[in-house]
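Two complexes are shown next, each including subunit A; its partner changes from subunit B in the first to subunit C in the second.
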Partner chain A sequence: MSAKQPTDKPPLGMLVLTGLTFCTIAASAWHVFLNTPSDATLGIVQKIFYWHVGAAFGMLLGMVTASLASLLDLVSPNDRVDAIARATMEVGVVFALMVLTSGPIWARKSWGTYWTWEPRLTLTLLVLLLALAITAIRGLAADSESGRKIAAALGVLGAPAAYLIHVAVKLWGGTHPTVIDGGGIRSTEMRVSFWLSVAAMLLLCVTFIVARYRQIRIAQDTRELRLTLSARALEDNA
Partner chain B sequence: MTHLHLTWLLFRKDLLIEARSREIVGFMLLFSVLCVVIFAFAFLTDADRARLFLPGVLWVTLLFSGTVGLLRLFAREDESGTLGICARSRAGALPLYWSKVAVQIAFSGIVTACVTPLAVVFFDAEVPDVGLSFAALALGILGQSFVGTLCSALLVTVRLREVLLPLVLYPLLSPLFIGGVKMTSIVLSRTIAEDYTAWLGLMVAFDVIFMVASPAVFTRLRYE
Partner chain C sequence: MTFRKTLAAAALGLSLPLFAPHAVRAEEPRTPSPVASSGQAFDAALPALPSLKEEPVDGQKLLVIAYVVFWALAAGYLAQLALAQRRLRRDLDALQRRVDGDRGGT
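The block that comes next holds the complex of A and B.
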């Protein structure tokens, strides 16, 4: 059991992180909408792209960390690692939803359709579905040890599966704009907007993860305390 | 007693129970025939185009009937409470895993062997290359059994497992499924113009990766 005193105030680090995230998002919004020229062909819709790609980075951060933490938790169980796995998986789901909402709006204007079975779209969708299922199982199994094992095992299996899905859907072929490799961003303002948005979304992702992690840790501590209390009550009765 | 011998004993036990009770294979078979019939109603609008749907119909049927089998795979161990005992035996959990994989392969194999010719007849298709079609279906059954057995064991104690198993299994199996449907449709099309080796490679890679990963995860689980 952790020795630290329970407190209802969030720690300073959390406040600083939240403030920083808020400022970066505001700066990115300001720069994207007021300081960057609209795309010549796509117009204002192109601005979705900045936060769309940022959210995709956030999703990647969440899912990859979740899979690694699951592996670690499966090999040597640890409450902290388990909390990281849960928090990152859930935040990964949220960011995947952001990617899959902003993407089609962009695609409608850019490709003329909301959805195509293009490799990266298909991969994101399948990974999201898998992550949702794992999160659901985790929720159903609540605090039980077996639910934790199940979620960890599936989180581990998700990594090779995601890689194979990536290969499989790539063989199908498709058209996703490769902006970074293709050198599609020409103006400096656009480049600043791009990296500012990526930073903003990653910070938001980290803030969510930290907040959720703290919440899960508190829940774990509460459960332990309750177990200790009921054990003590049993002893007193006996 | 070697691991192999133990695996064989467990496998034989399941086959004997199935031979006497006829609980699973018969229903899997009936279910897959129904699947094919339902798909025929859905897709048989135009006789010429119908055979284009055959690969998809075959693979969805394989997936669905496999799920029916997987849902019952550990049911008897769960009901009698012997899952933990088997998993904690001195030989470890691996013989249990491999015996269940073998059971699932056997059941799915029987069902596929019966349903595939039926579907080919129903959809009025021709099979130019029996060997390759067999290879594709066999790789599909293998991969599905490796991953499915693990998922079935994972969910055995979970409430709502009947709903959750497909939710977990289908995204995990999707690369195998995509590869299988693609390869089968290339093989079944009269002229093999497209190259199927990439899809074959994908399916082999899937099977090899999960042949290693699934038992590795299975041994790390806790069985109460």
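The block that comes next holds the complex of A and C.
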């Protein structure tokens, strides 16, 4: 049976992607901890910033891709697009959790408090809850057509929500620093660490998405095959 | 299954209004955060929160906690993927046996 092969032997592309991700994470960790000076104001805790922002990029990538795939799935239902929407939303949740745990820990030192109800934080929390709800719907109603449609309709909201998170500080102010747009990183080492960490987190995000997508696709094929076999068995019995 | 769906929907519905008052409060006009010019190189705009720097916080400890939690989440998802993979392999093995059985029967 050909369906068994993909689970036993990962394709070369997947292995290359995983290797590249691992190397970039290692390079990023090396550069952040050994080559980049600590910030004079915030001290060593500022190093949380690099992977925190990288994880935020991963979250936005997951949410926006899930949103586009959900829209496509609503327009013309397709198993491949559904698998993309499902995988990206799930990974988006993981990265949102990374952002919402590393951020408050950094904020404890930087802002003096773990949490404040400022626009960007509140929006990110709401988007995480929305993504959790969508993932729950997909999990509970995996085989139901209506469940899939409801999840896709909610998933479309991911892109506008991600855009609002991005512009929240500009629109409503708040306590989040505008480091990238405001040209806040002046040191070359810090800039290299920053972009290396963003690349590492984006690669990790893509690796997770591809791995989960492959699993969902195989699960979909398995379900189809099981249904075909059941139908054939019924025909034989009749 | 219906009970679980209803429970999940109710939990979600009830949790959202909890955040509404805070979200509205957060939209109230604030004094703009000054872009701090202090610091060696990292120019983060520090907010004027009253408790800032009033009590000493061990930055190194926070850094370690943040990275442990961060990678624990990534490892947790990886473990979930591994579990799903194992379930998938079991399903495929069961299907393989079924197909073999069908072939043997025909």
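Going forward, the second predicted complex is superposed on the first by the 214 of 238 C-alpha atoms of A that agree within 3 Å, B and C clash if a C-alpha of one lies under 4 Å from a C-alpha of the other, contacts with A are read in each partner's own complex, and residues count from 1 in each chain.
Throughout what follows, a residue touches a chain if its C-beta (ideal position, glycine included) is under 8 Å from a C-beta of that chain, and two chains touch if they have at least 3 such contacts.
From a predicted model like this one, the values you see are computed outputs, not experimental measurements.
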Next item on the list: Would you sort A:75 into first (subunit B), second (subunit C), both or neither based on which partner it touches?
Entry: first
Next item on the list: Examine A:136 and indicate which partner it touches, taking first as subunit B and second as subunit C; both and neither are also allowed.
Entry: both
Notebook entry, point to check: Is A:43 touching the first partner subunit B, the second partner subunit C, both, or neither of them?
Noted result: second
Next item on the list: See if subunit A has more residues touched by subunit B or by subunit C, and give me that chain.
Entry: C
Next item on the list: Kindly classify A:83 by the partners it touches after superposition: subunit B alone (first), subunit C alone (second), both, or neither?
Entry: neither
Next item on the list: Applying the touch criterion given at the start, work out whether A:150 contacts subunit B, subunit C, both or neither, answering first, second, both or neither.
Entry: first
Next item on the list: Report for A:225: first if it touches subunit B alone, second if subunit C alone, otherwise both or neither.
Entry: second
Next item on the list: Name the contact category of A:105: first (subunit B only), second (subunit C only), both, or neither.
Entry: second
Next item on the list: Quick one: classify A:203 as touching subunit B (first), subunit C (second), both or neither.
Entry: neither
Next item on the list: Classify the contacts of A:126 with the two partner chains as first (subunit B alone), second (subunit C alone), both, or neither.
Entry: both
Note to self: Please report the subunit A residues shared by its interface with subunit B and its interface with subunit C.
What the structure shows: 126, 129, 133, 136-137, 140-141, 172
Notebook entry, point to check: Okay, in this complex, where on subunit A does subunit C touch?
Noted result: 1, 3-4, 7, 37, 39-49, 51-52, 55, 91, 94, 97-98, 101-102, 105-106, 108-113, 116-119, 122-123, 125-126, 129, 133, 136-137, 140-141, 172-175, 177-179, 182-187, 190, 204, 208, 211-212, 215, 218-219, 222, 225-226, 229, 232-233
Note to self: Could you list, by residue number, the parts of subunit B that touch subunit A in their complex?
What the structure shows: 147, 150-151, 154-155, 157-160, 164, 167-168, 170-172, 174-176, 178-179, 182, 198-199, 202, 205-206, 209-210, 213-214, 217, 220-222, 224
Checklist line | Residues of subunit C touching subunit A in the complex | finding: 1, 4-5, 8, 12, 15-16, 19, 22-23, 25-27, 29-30, 32-33, 35-36, 38-47, 49-55, 57, 59-60, 62-63, 65-67, 69-70, 73-74, 77, 81, 84-85, 88-89, 91-93, 95-96, 98-99, 102
Item checked: Sites on subunit A touched by subunit B in the complex -> 74-75, 126-127, 129-130, 132-134, 136-137, 140-141, 145-147, 149-150, 153-154, 156-158, 160-161, 164-165, 167-169, 171-172
